[in-house]
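Please find the structures below.
What follows is chain A paired twice: with chain B in the first complex and chain C in the second.
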Partner chain A sequence: MRNGKPPLIDSIYWRGAIAIVVFLLLWEMGSLSKVWIKWESFEWLRNTLTAMGFKPAYLPWVGAIPAPTEVLHAWQGVIRDPGYWQSWYMSLFRVMAGFIAAMLIGIPFGLLLAVSRTAHGVGFPVFEVLRPIPPLAWVPASIIFWPTQEMSIAFVTFLGAFYTIVINVVGGARAIDLRYFQAARSMGSSQRDIFWRIILPGTLPSIMVGSAVGMGITWEVVVAAEMISGGGSQIGGTSGGGLGFFIWNSYVGGSYEQIVVGMISIGIAGFLSSELLRWLGHRVTPWLRLR
Partner chain B sequence: MTQQDLEAGVPHADVLEIYRRTVPFQAVPEILLGKIAHLGNSAFYAAGEIIYKTGDDANDICIIVSGRVEHELEPQAQARRPLKVLEAGDVFGWAALLSKYPRRLAKAICTEQAEVIRINGEKLLRVLETDPAAGDHVMSQFATMIARDYTVPGLGAMLRKIHRRIHAGDVQGMNLTLYRYQQWLKSPRPYLMVVGFTLFVGFWYLAVEVWKLPRFRDMPGITAVVKEWLNPDPAYGLSIYTPEYYKHIGVSIWRVTQAFFLATVLGVSVGLMLGWSKKFKEYVFPVFETLRPIPILAWVPLAIVMFVATESAVIYLTFLASFFATALNTMLGVESIDESYVRAACCLGAKRAQVFRHVIVPGALPFIFTGLQISVGVSWFSLVAAEMVSGQYGLGYVINTSYTMVRYPTIVIGMITLGFVGYITSAMVRAMGDHLMKWRTRELALGAQ
Partner chain C sequence: MAAAMQPEAAVSTTTRGAISIQDVVKIYDPHGAAVMAVDHCSLEISAGEICMVVGPSGCGKTTLLNAIAGFHEITSGRILLDGEVLCSTEKPKAEPGSDRIVVFQSGALFPWKTNLENVAFGPLVQGTLSRAEATEKALDVMADAGLSGVEHNFPGEISSGMRRRVEIVRALMNNPKVLLLDEPYRALDSLTKSVMHEALLEIYYKNKVTIFFITHDLEEAIFLGHKVAIMTTRPCRPKKILTVDIPHPRDYSVLTSRRFRELMEETNEAVHEEAIKAFAAGEKEG
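This part shows the complex of A and B:
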């Protein structure tokens, strides 16, 4: 800037890069502290930690997490394991099943609530009473109800996305400018036309937002459902129970590096699917891009 | 209203007929007109008597029942024809309804013996406010009359406004609640709601306990749940009479409270910094965004490893979810503040700290409270998961152990309790937000007119 030339790389990038590198370094140092620090010469630190109720072997919290280098190493080992990819597939499959079901049921249900005052009066209060119950509280009930474990996990993931999608659809339809309806009606539109030409396109942006948020919740739920229900491990063996089960299994097996591998994998999967939906949302609502 | 008033002011049909002959009151609904007629007092004036003169206090408006009155507007009123002779059915003294002229603009003298109904302007406005739609119509009729009959075009716009709804002072409080409740009972919604719940509960009852549909047969039925819940001696050891029930609820609430408090303090401060300082955001936000996509529940095993005590692991998980929601919304809130507010404050000599205290924090408040509401919901969400996987006590623990111990009705008790407690906490956060942002609620209420 000083020479009148634009900087080669914007500050936003190098600052972000620095921050992530520093974060990784701190993590590495913190977690390797148990190796590097000669604990014998820091007797006072050890005593303080014990006095505060922490384990004296390493620094509190961060010391218990495996270091990034170890995680990377574990990842290299796991990446060739078909069981790991099977976990990806299982989780993705469950997320998709629950999510698509939530879209298929949630969008028409939300539109119905938005269009008909009677349906809103009958359905919405019940919906609002059920909504504060967290989806995960449904896990046992859903295991009892559904014949297979696969279906019960899919049902809980469905619930996770369903509430968000319905709320967004109803909210979106209610936010449509009343003048559009008046204009259409004064020009002689039928109820059908109003639905297809005004309500549906008017709600589309909030449907997409609801789906993107719902997708995030779906990943949250699928992980927990897999952990709680044992991940349907009878289907695919110890490594075929989805990423949530992969994490839980790593924990039970004591390989903590794999826990972090699983966490990052889920992070990537969730991030990618949300981004995909956001991109899709941009594609189907081209008129919003003009603004 | 005293007894005397009631007797004197009983609106006979012929009295109402007098009102109906006037321009402003000709189309007023019967009920409202009755109330207006209650305000009127008859007065008799001899020929040559002055009803009022320019500069007097303007309290009443007058309707001529019989006789003639000469009405002369002062030059400042800029009427095209200042002098006007009024007859039965004419209305004068409208200065009482103007917002800027609490004094008479004209001189009114009786040219022959006259009977006049005097109505206090202030009281008239109060009565018109009880029916804002009709009240607005009366006021617009007055405006038309002033412009057309008295040939003073500009003054109509200065008529006082009829307040929609209740006065600004009553926006909060019992009156509004009561009023809303009445309106709600008049609408079909409560009855539809009853229908909805009847359908839901009826289906649950019939499917599980009467028809015994294939998959529903294994589910706990509603009568079993209610019996267990209200049983002083519960079969599975958990009902509203057992102290454990309240212990579980208390433990869950206490965990959420700690996590929520921690997340609010840290999340709001980090969020304010992220929105306020560009440099801070450029350094911190990438790390923030790297960690955020990892589902909170994927942290469960790591949290157990990280924290020696299960209690702190559960609180940490609950905290994490709330923290991201609060911080992100706070940041968006700061970024949503109109740049010109900051500039205006700086122009007036505000220091950086003052801008922060008086512009940034209140400006971000609406978003912060949206974030807090999301954060309460999310914290219950992750608390349940954390309690189900690890932990003793708590509602999530109840649900999970009831499953493993095959105490099916208790699962449903746990779920309903959880939904109820979760709803109460988010309602509390919302109420607190509304209380702290009264200025905004009022703005929204008035803007919605």
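This part shows the complex of A and C:
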């Protein structure tokens, strides 16, 4: 079953590494193109386009984005700044707080909706009306409601993961094959046994899927919330704002390399969170590993 | 351990597990479409007997099995197990219980439990054995059924033939009176099937439970059964009940014997007739 696996993993890693290198090279070339290309020699193209009604200022050009080498250079400067790591910590903390709260409340709530007809009848319509409201639409109301800005950001982050987790738990629990219930019942399982030994393990794969999706949304939401609310900057100064505020602040301050540093930092943070969840998923659903 | 189980097995040889199906009717959606699935069906199965129920797909055999297992209600009639009423017109749904265990067509081993945990499940939830005792007994019966080496695998890791065997062993762990098998070998290729048949008989000779076995494979039915009930297509009712007078224990040489072929000839036509009717009715699996 496991033959041939080590070389496969190797080739996947190689492909991934090469893809990233090629991507960085293209980006570097794109950014440097502003140095390489003599704009004057393209005057005719500019004139033609203007004649056709395009305004040159409206055309995007990759040369406007800082090159990876410049970004790396900016990063080297930032990496020694405790404020940068404070931003990491703040965003990570908010994501984890919101995400863990969403799991702790969402999983039991989803299971309750799946198991009890009454709970489903009462809770689901309310849930379904609230669900389409994007978490970011909650930001103003959340700032008014919660006493501190920190709490309001955590709440919005929580909403990002909560709906996805609940929907997946309900769907997963309802999709459990009837035969498992019949088999468990005929072997003498009590309702309690059926919950702990059938419904919960049977829902675990969906819980993990919901969590993975929810984690992604949480990062999206936290960054946007930090940008909008100023990221609690009144508490910790510019460094208390998290990565979202770090990006926004860099933009306002005109440090374009740092914007990209912030973006890539979020990419790395999101990737690490997903890896953590994948690792956890393998742990709690070992029977899915063999597929 | 095996020695300790012996007296129990001896008791269960012939005295437990007689099923009496009396005039059972099942109508789905009686106030609407009113589809008659089972029509005044009566069938007597003695304790410790292998009763094979043969009929085309969707004829209503599974409805009958679900009524015995307590998964579905009947409309009228009654079903007795060892003289006690399981379900009747007054109490249309039997209580599911560990005295009647179903082995499903597509298998119902819990995919999130290892094979060993699956086998140990029954006694554990019933509270008849401690975890350690249940595990020890499960290891024992699995070894006995030729399932050593897959105890700590998940069901998804072993072949479908092996899974069926694990499921039958899991059922037997509950010391049931009746095993209800719903086309358990349907998805297996014919070579695996022949191995499974002998394995089932071997398990049966050791445990002597009553077996209610649904199939649409006549050869399988005559090879395994003491009794073969050929059912009409929907609504389901015995069309012909055949007593297979080939002595047990049987092995695969039976298949080429003259008596086996005579019995096949005797019943083949009846089965074929029903198959044509079912085909014409265009019924799907139900």
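One rule holds in what follows: the second predicted complex is superposed on the first by the 250 of 291 C-alpha atoms of A that agree within 3 Å, B and C clash if a C-alpha of one lies under 4 Å from a C-alpha of the other, contacts with A are read in each partner's own complex, and residues count from 1 in each chain.
The definition used in the following text is that a residue touches a chain if its C-beta (ideal position, glycine included) is under 8 Å from a C-beta of that chain, and two chains touch if they have at least 3 such contacts.
This is a predicted model, so every value here is computed, not measured.
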Worksheet entry | Joint occupancy of chain A by chain B and chain C, clash or fit | clash
Item to complete: Answer with first, second, both or neither: which of chain B and chain C does A:146 touch in the superposed model?
Response: first
Discussion item. Let me test your reading of the model: by the given contact rule, A:44 touches which partner, first (chain B), second (chain C), both or neither?
Written reply: neither
Practice prompt. Using the touch definition from the top, say if A:180 reaches chain B (first), chain C (second), both or neither.
Written response: second
Worksheet item: Just chain B (first), just chain C (second), both, or neither: which does A:204 touch?
Response: second
Discussion item. In this superposition, which partner touches a larger number of chain A residues, chain B or chain C?
Written reply: B
Discussion item. So in the superposed three-chain picture, is A:36 touching just chain B, just chain C, both, or none of them (first/second/both/neither)?
Written reply: neither
Worksheet item: Now for A:137: first (chain B), second (chain C), both, or neither, which partner does it touch?
Response: first
Practice prompt. Determine, under the contact definition given at the top, whether A:125 touches first (chain B), second (chain C), both, or neither.
Written response: first
Item to complete: Choose the clashing stretch of chain B with respect to chain C from the list 39-47, 129-137, 219-227 or 273-281.
Response: 129-137
Worksheet item: Which positions of chain A sit in both the chain B and the chain C interface?
Response: none
Worksheet item: Touching chain B in the complex: which residues of chain A?
Response: 11-12, 15-20, 23, 53-55, 61-62, 64-65, 117-118, 120-126, 129-141, 143-147, 216, 219-221, 223-224, 227-228, 243-244, 247-248, 250-251, 256, 259-260, 262-264, 266-268, 270-271, 274
Worksheet item: Tell me, which parts of chain B touch chain A in their complex?
Response: 188-189, 191-193, 195-197, 199-200, 215-216, 218-219, 279, 282-287, 290, 293-302, 304-309, 377, 380-381, 384-385, 388-389, 395-396, 399-400, 402-403, 408, 411-412, 414-416, 418-420, 422-423, 426
Discussion item. Under the stated contact criterion, what part of chain A meets chain C in this complex?
Written reply: 1, 177, 179-180, 182-190, 193, 197-198, 201-202, 204, 285-287, 290-291
Discussion item. For the complex, give me every residue of chain C touching chain A.
Written reply: 69-71, 96-98, 100-102, 104, 106-108, 110-113, 121-122, 125-126, 154-157, 170, 174
